[in-house]
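Below are two complexes that have chain A in common, paired first with chain B and then with chain C.
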Partner chain A sequence: MDVSDSIVDHLRHVAALPNLAATRYELEMEIGRGGLGVVYGARDRQLGRRVALKILDSALAGEAQIIAQLEHPAIVPIYEAGALPDGRVFYAMKLVTGARLDHYLTGSPLLAERLRVFRRVGEALAFAHTRGVIHRDLKPQNVMVGEFGEVYVMDWGVDAVAGTPGFRAPDPQLDQRSDIYALGALLHFVLPASAPLAIKAIAGKAMQADPSARYSSAPALLADIDRFQEGLAVRAWSEPLWHRLRRFAVRNAVLLWLLTAYAGVKFLLFLLRNF
Partner chain B sequence: MNKILAGLAFGLVLGAIDGASAWFYPETHTMIFGIMVGSSIKGMVVGLLSGWFAHRVQSMKWGIVVGAAFGLLFAFAVAATDTVNGQHPYLEIMLPGFVVGGIIGFLTQRVGTPSSTQKEEK
Partner chain C sequence: MDNDTEIGGPRNRFPSTQLSLLEAAAADWPNEALERVMTLYWKPVYRFIRLKFGKNNEDAKDLTQSFFAAALQRDFFGRFDPVKASFRTYLRMAVERFAASQHAAANRRKRGGDVEFEPVQDQAATTESPEQIFEREWQRQLFSLALDDLHAHCEGCGKQLQFRIFEAYDLAGGDRPSYAVLAARHGVTETAVTNCLAWARGALRAFVTERLRGVTSGERELREEMRLVWM
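Right after this comes the complex of A and B.
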């Protein structure tokens, strides 16, 4: 590449940058780029804080309105939406610092921590479903874990998105059950290889090809996670007897120790008396 | 179920079972009914106190400790007033009483509705 090429590239890059002169934002750097838009880090001059600016084609202006309906601790809040002189639309949102879920998992967090993060995603999804919004593209790349453990689900409900292979349900038309499939795929992704069979079964049930065989809702899936974490039988799996006994023993270990101690005491007294 | 009521029920059943275990000693056969009744009453008193404690404090560890302590205390009281062949059967009554008290303490923590203003401790 000679000097003129680099100048042309630079000019092309500058020309593609959004013109924010009429807004309160000052561009800082590009954070991410996808097929539907570009996310920049920017500075809000009025409030003196950093924000994330998503620049989209005007056809996707509805995305901001969809997310603005979703006020939830695990959904990135929208501060403002507007249009640029070139016709593109933008919206400003909270700038989340932290790691994408797939990067976060490389730190090998414990199963309980993985399930905590997953639960937050499930709660956000359950909330969105009550507002009639489906995510359409739930995947690890759309989940952020903040530096204080906060969890955010991003990139909600854009009609143009038809999901990501591996997370997209094989349904002809996307609906809430398709999100349940993606939630199951996300659970499967979050779980370590050594995860117990019961929790893997929950992911498996959520990922059934037949939508009616999946969980009916995100809360139903989360309820099965609760049962797993409390040491109870999960609905997704008809466990064998040995597994049921083992779960009973783990759940009632203290009681079994006390009963064993009682039997031991009685046996000891019997021995002392007779020998 | 109320924790105090649960304590009474568990104390009654476990006390009766503990009393019935005296059947393994032939000299007690003629008074097994009295032993079972006495042991049940002891169990119910321990269950009542353990249930009251569980109603106030939600802590499995302290529930077991307090239940075992009540069990030991009341087993001592029973052993001190009882004699077998002229001797007080401290070991034979206090050791099982201690463990049964611990079991009652555990069960009152696990079962029943706690107080809405109780203290919680892991």
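Right after this comes the complex of A and C.
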């Protein structure tokens, strides 16, 4: 039976639609597609709410179990997992409405807001690492910013994933330090071109080719960001003297003004007494 | 057991798709394995040779036939290492090497390379490379064969209605009829139409999988190929 390319394209689409007849879900529309699965919007008939339904090859059934271990405010919760009649697996999860991080950044948010979002991502990663889970494919497309500012890290820990160019560490085998590299790449992506050198240096340290030269953990990276935001020296950068003096001046501006005023008054009194 | 879940019916209805390519080659080499490969790859190989080497229709057919005949004699499957490449890539590269050497030999015979190339209209009409056309033709052939399997299956197990509805909707070249029109045409409800479509699409997916299983080296490669087809 000969078929045209347009019919093949149509068949590829419709034959991939999941048969949800035996589930509580009703398919609505496709909302995302990646190398490992397709995400559909669906309606949960029992609870009358919309959910996101991810359909995966049966070889990736472990993904839902991995994510189910990760109960964290910045990780999308899994409601249910199951198998389809054709052997594929699905899991239902909270439907996050908002913008992908790369789209969110086109609104040019302030540096503080960018760092707030980044911090949520870092915290989620730090939590996952304590559970022995690595993300493997952290990138802006896998971070969602909700309409109320909530942040979600998606698409966790599938073995088949080899990372994305630009965010994948040059490590032969992916581990927690590889995630730190990706976190650094994400920070680099999040920062505007005008960002201070110190914060750029943090991204640079996290992205070192040598894993041992990177931050040892996500909390260590976040701690350096804390130092940056508090006006302290960051560990990623040995700053020049003029920069250190300027940072000291900014950080102690009130004290310096008071000292200057005090010195001025003393000098004035000295002049009045002697002339 | 509900027959609807036994896509393809009894296993012996699919003589060419139950074992992976290497299993079949090892157990029943060469006829069974090569037959599967030729069934799926003859057209892609023909098109690839035609476009890559600027061959006319007859020469491309001859070269394609020669390639598969040579494959029979040259331990073609034995040399395939699934760690290095997918079978599809291995086959395309083998075709390229074979056709290039044949092409060079033909040039030598003509003393000085006085070979006439016929303009290939297909190539002029597209910006796709021969490699891309090979991939596209492979996908089209894969679905054509799976549709034949589905059709035969429906005829064999009394599911002609399901196939007719599927054919009228999913294989429509132009505008697709509405579910209501299809329901009226076949004297069934709209729900029955959607059920028929869902069943046929699921069965088609299963037949595509079985066809792929027959020309891949094992589960891992099968998964990779399925990802390519469905994603």
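Following the convention adopted for this analysis, the second predicted complex is superposed on the first by the 254 of 275 C-alpha atoms of A that agree within 3 Å, B and C clash if a C-alpha of one lies under 4 Å from a C-alpha of the other, contacts with A are read in each partner's own complex, and residues count from 1 in each chain.
Here is the rule we use: a residue touches a chain if its C-beta (ideal position, glycine included) is under 8 Å from a C-beta of that chain, and two chains touch if they have at least 3 such contacts.
These numbers come from a predicted model, not from an experiment.
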Partner chain in contact with A:L269 - chain B first, chain C second, else both or neither: first
Which of chain B and chain C A:A261 touches, first, second, both or neither: first
Touched partner set for A:I7, first chain B, second chain C, both or neither: second
Residue contacts on chain A - larger count, chain B or chain C: C
First, second, both or neither for A:N19, with chain B first and chain C second: second
Touching partner for A:D86 - first (chain B), second (chain C), both, neither: second
Chain B and chain C footprints on chain A, overlapping residues: none
Contact set on chain A toward chain C in their complex: 1-8, 10-12, 14-17, 19, 21, 33-36, 38, 57, 59, 85-86
Residues of chain A touching chain B in the complex: 254-255, 258-259, 261-262, 265-266, 268-270, 272-273
Interface residues, chain C side, partner chain A - complex: 5, 136, 139-140, 143-144, 147-148, 151, 170-171, 173, 197-198, 201-202, 204-206, 208, 219, 223, 226-227, 229-231
Chain A contact footprint on chain B (complex, rising order): 21, 24-25, 60, 64, 91-92, 95-96, 99-100, 102-103, 106-107, 110
